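To start, the structure itself, in structure tokens.
We call the chains A, B, C and D, going by the order they appear; numbering starts again at 1 in every chain.
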């Protein structure tokens, strides 16, 4: 059953905070409503749940991939074509250290960026109820995406706690 | 220290996305003239491609000339972009907000300019991909080279390092750009632009989870990009430091010396860019004299450390008292064409700019900072030129093989091409995306507090 | 077949600087014709060049001719820096230059203390009349490629192959295995041979002259590249010193 | 937070702050003035005893004469160890004062107290002047010696002058920073104690004095950094590189200064841990002090690897005869085990352990890593100075290489006495003056009350920090 979503636009942070607490009182789960702001606020400004990020394991994971790729490239190429150059050993360590270092960092950056996109659940095709003024003018949006029958109750709560305007939208 | 005035969100959005919505009056004329310079450069390159490297001033034994100097110069400029933004992000300095993205974009385009220099320098540019560790199988148009690249050569480390650096800069700039693309997506009127921006913004809605990622991801990425920045310029310096036959190249201080030189010339490049933006886009409310003051102090410290490294390199070149080395240094200091360049290099690289930066009034005046930092970059271009070319003219025992070098027209045209390319790239980027992140400035407004102790107001900021 | 290690001895006492070796090398290895402008722009390609040095002031001035070619060093600084393996050390002790791998970064030329590597700045072209005298065994280099003396590796390869096919032993100092410059030297100043074969002329000279007080020395030893070309000093009876 | 309806301007939140009623931190002064426990006195006597043994070791070493340089290798290592660890610690307070991080305030005084170890370094340095041969023996030198114009003993003269200037700057820096605290303690004892009124030297706390203090400390801090670089530059070149013919490493002076700063941060971490664990300063030194030091140690260990790979790459790739010799002498020859231990303790242990959050962000993690860094630092000094002083400099011109490489010198009794003396004499001085100089600077902590505080921000609690200048 597709979710519909309703958006309430607030001017003041305290009003948005009260809307969230009243929604929570009306037994809407935390993952059903969301605050949308144009700029980053300190966490918990609206009393919303603290998002737990596990961003730290991505670089280590990427570093391991990068190290193995570098190992394959350097050791593989030098052993595949054991040509002596300049009297240097075929498996000469210092140049290999350079390639290890570069590849480890390259893959850890790539995996970290994908991790960041994954952590912020970004490629979101259907934006649901959304208003331009959140980003451009600094309004605060509270969007509730629930099955259709609970939408009017949510809209009524938003209006009561001082939303300037409400809007319906289609969730995924 | 900060005379600060609060701005409303809509005012900030208006100011910073103005260049994105409609192009400024001067935009097309400036980009057009830069495009003309680039055309001249490219035609020079086509002439060189057609008739061979004889058209450049390169000869035996000076086999490396203006292209490699330009390559090292642009790699140097690209470093400070990431270094400035990474260090400012890691120390959460308050004055990082307006300049981080400008610095990173400068990094992006100067890296592409550096790579294009390798294309000009190499004898057979259509085979240049043989340097990269791609598998030696048959790739479409070219017969399989049948062998992997030689991992022990500094010229294989270079593409790996610069490639890593370019890719991580692109990804870094993109992750920090997503909120601003969302802002422009909401600001721009319906049409093809809106579709492209909403695709690029990946549906960014500004939920607390997404803002927390925007908070921690740049710090994590700058912690990763800083080691890359250190390693790229060390590897570029090892292109020169590993060779034993050229006098003045084979010294161990080259890696730190090149990196401090890169920071010195790069941060000056960032300051020139900031002053340029301030003048072009009238951003007086966002780039304050305090930003120039803070960067000016940083530049004085970096310049003195760089001068200490230069002193160390010269002392330890003369320390073993070998004749070829002394002959080279003597030539650099007393022989006419090189001694003039050397004096100009010392004056513009260190003495005039650092002398000027000691005065607070100079540091706080964007116009003065603009000219002193351009002087620095002229000096640093000459510094790389004076490292590469006199060393190569080989004042060694085989006295019949001493050489000199004068850049040819084609080389001058292509050096001008790279400068025009970078400036034009930054302007076009500023036309497509906002160069000063609006959400960062708005965050600054929200986190701002004032502590009043008696008569003095001290600006304070929220620390998580 | 025992592994051979090719080397050369240059007897400076016999060399009179007649440049015959330079001409022989240019015709054998398809080196392009050098115009006057190449000499002015210092872009001439001479795989072996004879350097003239004068010693002493006017009344008793002494000329000294030193033919300098690629020394095929054991620890060649030019090999590890080539990114595409265009120059590497093969098992016969030669510093090999593979022309179709080279992309012209010119890093190896910077790294050679003896400056014996040359770059093709222009496309080489010959008048039609001279086209048939090109040596089929040697590739004609296009522009943008580095090249250097290879001890006429094509002659070594061909003789070794014929020796293996027809089953005869390659005897030391044979004209078909010697490089073009060695064959053309009328005063036999240049001696080429297999240093692993103890009876060969070159190893006997090396054994006799290579010691402390012998006439043999290597060019620019302080770079530590251990070159394979041994130079023998000029003998000078007028002075007390045996040789200079 | 007043908000104007239509254009949503955020007005600044103004926080009123004044120090009128808040008294100087009584608890800090009580900890400082309390009778020292017997563990403190025990340590005091141990270090006193060991320093006396050190002095005896010096005299014994002097008595066996100066001509055999290899006997002095452990002595020079011990002296260099003082300069590259104890004298590197004050750099921490300079650097963080410029970077204005507020987490440095409780521990910046402890890093300035290490300035006193300059005197111990000077005492150990004097005999070395006779060990180092003059320039007449034809060795290459920084002063481009040509007889007649440059005096044969110029390395000795200039290094001693630089060293004395360096130690004096360190002492004045310590006194300048501690002067407001002496004034507080003088007024605390209502003028009775003559030591504090003499040390405070008429400090009344006028705005002019505070402004002058800030300028003087910043100028002297930069001067201290430059003098540290110069002194270590002389030690690296004329006392080390000149003794190994053919070693041309223009990076080593910078590497030595970096090792000094790394050693300084390591020994500071241990001192802060001791203050936290047994010093009674539990509620002043929190987790973010040790965490900050852990992050700094991690960053500097990365730099250690970068300096090492820069010089190794150039020397390894060059393969000139003299470079192969130096690599054989210092790394891959007989000194290989020492090099492996050094690399393990100074680079691998801090790098791989401090990447884990649990070790870096803990009370016990950074100090343990700091101990391994100090061990590595000592081994690194021994690897360089030990081999340089015990090398016989004959070169056989056939292969342009050293005739024979020295094997690792075994320390005899006198060496051990000197090493223990060199480590414990600075500690002895530090323990003595920590009775008079308060180990946590009172005025810096009090200044923090002006700028840092927790404020309510809508529904959350945020830390607001001001940037004074």
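By definition in this document, a residue touches a chain if its C-beta (ideal position, glycine included) is under 8 Å from a C-beta of that chain, and two chains touch if they have at least 3 such contacts.
Computed from a predicted model, the values in this text were never measured in an experiment.
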| item | value |
| --- | --- |
| Of A-D and A-C, pair with higher C-beta contact tally | A-D |
| Central chain of the complex, centres being mean CA coordinates | B |
| Euclidean distance of C-alpha centroids - chain A vs chain C, Å | 65 |
| Centroid spacing, where centroids are CA-atom means, of chain B and chain C in whole angstrom | 45 |
| Chain B and chain D: spacing of chain centres that average the CA atoms, whole Å | 35 |
| Chain B: positions in contact with at least two other chains | 8-10, 147, 149-150, 152-153, 227, 242, 244, 446, 462, 464 |
| Where chain D touches two or more other chains, by residue | 8, 309, 313, 317, 319-320, 457, 462 |
| Numbers and ranges of chain C residues touching at least 2 other chains | 75, 77, 80-82, 85, 88, 223-224 |
| Contact graph of the chains (line, ring, star, complete, other) | complete |
| Residue ranges of chain B touching chain C (in the complex, touch as defined) | 51-54, 58-61, 63-64, 121-124, 127-128, 130-131, 145, 147, 149-150, 152-156, 239, 242-246, 392, 394, 396-398, 400-401, 403 |
| Sites on chain B touched by chain A in the complex | 8-10, 13, 133, 147-153, 157, 160-161, 163-164, 167-168, 171-172, 174-175, 178, 182-183, 186-187, 202-217, 220-221, 224-225, 227-228, 231, 235, 439, 442-443, 446-447, 462, 464 |
| For the chain A and chain D complex, residues of the former touching the latter | 11-14, 17, 42-47, 56, 60, 86-88, 94, 97-98, 137-139 |
| Residues of chain C defined as touching chain D within the complex | 75, 77, 80, 212, 221-224 |
| In the complex, chain C residues that touch chain B | 41-44, 51, 68, 77, 80-85, 88, 101-107, 109-115, 118-123, 143-146, 220, 223-224 |
